Amino acid sequence: MKKYVELSAEVQQAKEEGKAIVALESTIISHGMPYPQNVKMAREVEQIVRDNGAVPATIAIIDGKIKIGLTDDELELFGKSSDVAKVSRRDLAQIIATKKLGATTVATTMICADLADIKIFVTGGIGGVHKGAETTMDISADLEELAQTDVAVICAGAKSILDLALTLEYLETKGVPVIGFETEYLPAFYTRNSEHKLNFSTDSIDVIAETLKTKWELNLKGGAVIANPIPEEYAMDEEYINGIINQAIKEAEEKHIIGKDNTPYLLGKIKELTDGKSLDANIELVKHNAKVGTQIAVSFNNKTK
Amino acid sequence: MKKYVELSAEVQQAKEEGKAIVALESTIISHGMPYPQNVKMAREVEQIVRDNGAVPATIAIIDGKIKIGLTDDELELFGKSSDVAKVSRRDLAQIIATKKLGATTVATTMICADLADIKIFVTGGIGGVHKGAETTMDISADLEELAQTDVAVICAGAKSILDLALTLEYLETKGVPVIGFETEYLPAFYTRNSEHKLNFSTDSIDVIAETLKTKWELNLKGGAVIANPIPEEYAMDEEYINGIINQAIKEAEEKHIIGKDNTPYLLGKIKELTDGKSLDANIELVKHNAKVGTQIAVSFNNKTK
Amino acid sequence: MKKYVELSAEVQQAKEEGKAIVALESTIISHGMPYPQNVKMAREVEQIVRDNGAVPATIAIIDGKIKIGLTDDELELFGKSSDVAKVSRRDLAQIIATKKLGATTVATTMICADLADIKIFVTGGIGGVHKGAETTMDISADLEELAQTDVAVICAGAKSILDLALTLEYLETKGVPVIGFETEYLPAFYTRNSEHKLNFSTDSIDVIAETLKTKWELNLKGGAVIANPIPEEYAMDEEYINGIINQAIKEAEEKHIIGKDNTPYLLGKIKELTDGKSLDANIELVKHNAKVGTQIAVSFNNKTK
């Protein structure tokens, strides 16, 4: 197994020094945002992690290896290349075996972080149960990964293109904790609130870190969702953004854009319809997640090292 | 892991002497029945386990510990307190980490029993697929627990507020054995029968114990449902109770009582509408499960110790 | 665990010599085809495996043992007996504990192959999500097995009596690779194509074997589907066979033939309505799977022994 995993110099050193490490995904760079904003965002997020006392490990697949921590050139490569596969759990072995370039989704970043024994992962939003999944069964592999892989995901909730009520039901059935940080309601990515009350909320980084420690010491397998709302000043107007999301979903349906192309299409369309304001919000929420996630990583590291 | 688990003196001694142990849940006490019937029932059930040659281990979360076996005062506390959390898999780490009082559901009792290496667990009925789950995705975490945790649950079937056909389909997909004890049909909690034929029925305690032993020796992970119908003399009239269940479900829908509050609401409403007769039936079926479950525990213990 | 598993002399010798071994199921013999074609097919398939450089291991349950490799008499017994249980995951422990005769489904053959450390398994088609499963929740245990047990299944896709779109969605959510061999579309059992494009296709046996090796070395638990279309010369006309399948499904619905009896009923009815031509196609696709599967088994064995 070890032969497939390659740590960057910075991550290797952090391991040796017992420093906190924060995993970051690469699909957000290759498929989630346009160039050059994606690479700028990635670098800023990495710097936020460093500024808050941990080391960033952006994860991607290159030439048959799982890279834990990317160089600046590699970040640029993923930001610019149009030839990057979006790698979910089902694709991982194939992309490694055929030595293709692969960007890791939430699910695959969790797998790779776990292989490198990194327990805290910061992203924008998780996948979930798609609207209409009662008949299409279109449910993100991220949810199954959360049920089985011991990595906590700090995010601004599930992407609001999804069915949030069904996503919460699925996570409950699978026994995945959803912890609201400074919120009693599941955040809806571009906005701070949804109508979905959470059954566990806290304002304490320490309580989150202690809960994760307890969970894994009890061998309660699987991850956790730390739901961290977008800062007030960057949140979008609820009625406005929901109208645009519904329009984008309608267009994707009409064009029959499904499967792994669906989410990138919707994010692009929403960006277009909001004149780029959705992208700004997306970048700001990721940065905020990086700050909170790093605080959790540092606290967790202090408790367990 | 061991630091979170605390055995009662009685359970500790049973372990040392190699005696059979039967796990019991605490949500049935705190959320399933009113005081003082709940505590009376709990004590009688524990005594039935002892009278049939095993030791009872009622499970609950107190002050950051998983208690395996409760004192008389602790039973009383769970019967009376209005400040007890209902703890499913997703909640377990948090309730322990924040040292709250927690009652264990079927899923969580299975987890905790397994942590204490107790393989036989007696309760009233398991959770399942809720009516309407085709669109709400409201499916109890108990079913996923049965798919993954090596504990057998002796019960009177799934609570009849559920969709029994879908519950059986879900368990089949997940590979969970459902064994009818002295019945060819899935019992429906308050009544002995449903229209759902089981594919494995037996009148033999020994065959059940041997099947469980074989399952776990083969590393076929997950539990089993031993479906044990309510004794004839305590069974309710089918048409009568189903009418009341449907009325209670309709009222819960109108009042939008969903999620973890749904089952306690329905049980309370059914009790009210039957003038307490549903509670009497519930108590009797649990006692009968305790007797049969203890016989299974003793047989299983003899085969494996 | 070892006490339940019994290797045939041929399989035992193959193990000692480090030869490639190919698992084969027995439900296809006992419940999938009529006598004597079933036994003839079974023998021919075993010979194809030998002719291509591996050793066949047909799997079944006899007298409390999991047989890995059957004698000629045992093949005949399973072909003729009307008293063979169809054994899915939920049934396995019980059939062993009660020493009944049991034929293994795809799910159970995967479990038993894995117990005997055989990683490549050839069959006709896997189970999947049934048409109408949005409301019936009728989903084959094969899919859950593919999500958790490390055995690759070479088949001609999912049986076309199923909902192929939903089956692919389910496998994606569960992270199961579906690899098209010499096809870009999911084959539909009796026909080479469906409208469902796969996201991983290859013409290379070596790439498949390398992908499986990589998957399991990374501890990515679960199997893979190698979808190998029926040879052109044996494929049925799409419109013709789909019409018949729909007629058979309609009749099964009218007669309310559900659960584990559904698939055998449909296969029998389709055979009747096609004057046996569906059976001929079924036999030919299994033989072709045996050839391709054995090539994969040999390549995989060379890479990992």
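Labels A, B and C are assigned to the chains in the order they are written; within every chain, residues are numbered from 1.
Assume contacts are C-beta pairs under 8 Å (C-beta built on N, C-alpha and C of every residue); 3 or more make two chains touch, one makes a residue touch a chain.
Predicted, not measured: the structure shown is a model, and the values here were computed from it.
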Turning chain B onto chain C with a C-alpha fit: angle in degrees, nearest 5? 120
Same-site or different-site touching of chain A by its copy chain C, using the half cut: different
Chain A and chain C, separation of their C-alpha mean positions in angstrom: 36
For chain B, which residues are shared contacts with two or more other chains? 134
Quick one: which bits of chain C touch chain B in the complex? Just the residue numbers, please. 1, 3-4, 88-94, 96-98, 107, 111, 115, 134-141, 143-145, 259-260
Which chain C residues qualify as touching chain A in the complex? 129, 134, 147, 165-166, 169-179, 199-200, 207, 210-215, 217-220
